[in-house]
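Two complexes come next, and they have one chain in common, chain A, joined by chain B in the first and chain C in the second.
And then the complex of A and B:
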């Protein structure tokens, strides 16, 4: 009996914890969104921070990221094409390639890439600022951290993930065309038809929303995880650990929901 | 110049440009810049057809089914849409066939046989044929079942094939006996032995016949000698024939005379009274000729021993 009560209590505590985290995250997001809509937010200094964020999140790693995504795309295309040939289903190869790579795998990998590189950095930075009372100091100096630290990171993260996923998707499309039809324009008509069949308005809008949500997840969750850090130095790694776990679950949840909406 | 700003600007501009180009390409692909070509297909059954079923020409998808429904008379009307650039493949003699393969989704196949045929106008109504492999399967299964039943009947325990095979086994079993195939064919070693005995006797007979043939050869040689030797049978015959020829010439001249007399007799018979003396003379001539002919026949009979019942008939 005691064990059952203890289990229920632990479950309740966990639920309350998740609710607090969820509420905190959405409250933070709402505050950031309201600030985003405020005209006074968009001054030169905020823009500058956004541009720096985009630079450090996307431009700095562009060549590495594109190389990595091209290698993965080439591998996946080769596997799909050879499997399709073995089973006599080459007619479906281009559609399968586009659906797997451009709609699912590359946005997901982009989100993971940015989460591991920038998300973890944001989480650590914010946790350290929190522990060292830098955020309070900034607020005291009339430099609101939401406007100059957090919002630019959110915006930069969303822009970076959307653009990187888009570039990776476009390069994968080019690679898919070259792999299937070779360097000739003979396959342009059937390829165009396949593209037209796959990319209707709903799919394009869904892809954009999914990438934006990925971008938000890989910046918003590390930010809130960092802000939750108790003011003790040894809690910084714990905060990063929790933040990255949540990011991973959020990315997987977004992917699963998008797949369910698309195919079920 | 701020290098960081420049790089971010370049990245953003390039991404936006590529994105815009991609959107424009998608709009082109989806036919935003051109007219949509519509077509109605009339079918007897909408089984397997659904919105999105592709329209395939030479293996390439050029359009798809948008809606399907019933018309006022209960017929199926399938609405098909394709881009204007693909509509050039549709001709007035094109056929539309609903293909339902065993693996993969249904599709509407278009076959255009004459590339010079006039193009199919927009909003035309065409007939949709059906080639459904799955419908042929039950028929095929029925036929296979019938064949299997026949095979089963033939191979049943007391069936013809089993009996035949048993017989073949008996025959081949006998063939392994002392008299081999002969025993297999005749049924028992005794009968086979009788045949071999007969063969032995036949062989003995042939040996005797050989001896006989040798004797016959000897006789033939003697006959040759008797026939063709000097003053043999052949020489005698030649002489006799020469005499016969002479006698025949004689008889021929007598008969010629008789012929002339007969011609006279025809004239004479017109006037009997005048001719009675001539008739007596004619009678004597004829008798003479007959006598000569009889003598001739006797002579021939003497020379030619094979003739029987010689007879000369008067005309």
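And then the complex of A and C:
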């Protein structure tokens, strides 16, 4: 009986904890969204920080990211082409490539890449700011941390993931064309026909929304996890660990929901 | 000391527990205030921040980030940030905790004696450090 009561109590505490985290994240997002719509937010300083964030998140790693996405794209295209040839399904190779790579795998890998590189950095930085009282110092000086520190990171993260996923998708399309038809324009018509068949408005809008949600997940969750950090230095790694686990589950959840909406 | 932390909005504090933003230079830390509070442009905010550092006689710390500064330089950056807030009162909270590498009553006196400095700087310190201030005043 005691065991049952303890289990229920533990489950209740976990549920309450998840609810608190979810509520905190949602409240933070609401506050950020309202500030985003406020005209006074968009001064030179905020634009400057957003541009810096996009530079650090997307431009600085562009060569590494493009190399990584091209290698993965080339491998997947080779696997799809060879399997399609084996089963006599060559006609479907380009459609399969676009669906697997451009719509699913590359946006997912982009989100993981940004989460590991920038999400973890954001989580650590915000946790350290919290522990070192830097946020209190900004509040004392009446410098709004949401406008100066957090909102530019959210906006920069979303822009970066959308742009990088788009760039990876475009380079994969080019690679797919070259792998299937070679350096000739003979395949241009069937390839663009397949593309037009796949990329209807619903799919393009869904892809954009998915990438934006990925961008939000890899910045919003680390930010809120950092802000939850108790003011003790030894809690910083714990905060990053928790934040990155939440980011991983959020990315997987977004991908699963997107697949379910498209194919079920 | 909790009383110092609870001072009103009309007080600009220089305190150990109000650090600089670690990933910004001293100049950027100071320029944040005119930039976000008074909505000046970036170049004007930077000019005002540099002017305060010049007035304090420590223009050389402008490009330094918090970890690269000595305790005295860090104190000057925090003081400049408090001065640019332009609040009616300026309180230096336990300077000994921030200025452990210099004889601090004299150091603060030198900063306050700079030509462009105005207003009253209030120092909150432990009573057992009173002698340090007395010595500084006697040596003046």
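Basically, the second predicted complex is superposed on the first by the 264 of 264 C-alpha atoms of A that agree within 3 Å, B and C clash if a C-alpha of one lies under 4 Å from a C-alpha of the other, contacts with A are read in each partner's own complex, and residues count from 1 in each chain.
Note that in this section contacts are C-beta pairs under 8 Å (C-beta built on N, C-alpha and C of every residue); 3 or more make two chains touch, one makes a residue touch a chain.
What you see is a predicted model, and the numbers here were worked out from it, not measured in a lab.
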Touched partner set for A:212, first chain B, second chain C, both or neither: neither
Touched partner set for A:170, first chain B, second chain C, both or neither: first
Which superposed partner A:116 touches (first chain B, second chain C, both, neither): neither
Partner chain in contact with A:21 - chain B first, chain C second, else both or neither: neither
First (chain B), second (chain C), both or neither touched by A:29: neither
First (chain B), second (chain C), both or neither touched by A:70: neither
Partner chain in contact with A:195 - chain B first, chain C second, else both or neither: first
Which superposed partner A:58 touches (first chain B, second chain C, both, neither): first
Of chain A, residues touching chain B in the complex: 51-52, 54-55, 58-59, 62, 91, 159, 163, 166-167, 170, 189-190, 192-197, 199-200, 204
Complex contacts: residues of chain A adjacent to chain C: 43-45, 48, 125, 128-129, 132-134, 136-138, 140-144, 147-148
In the complex, chain C residues that touch chain A: 13, 17-23, 32-33, 35-37, 39, 41-42, 81, 85
Residues on chain B engaged by chain A in the complex (per definition of touch): 4-5, 7-8, 11-12, 15, 18-19, 22-23, 25-26, 28-31, 59-62, 64
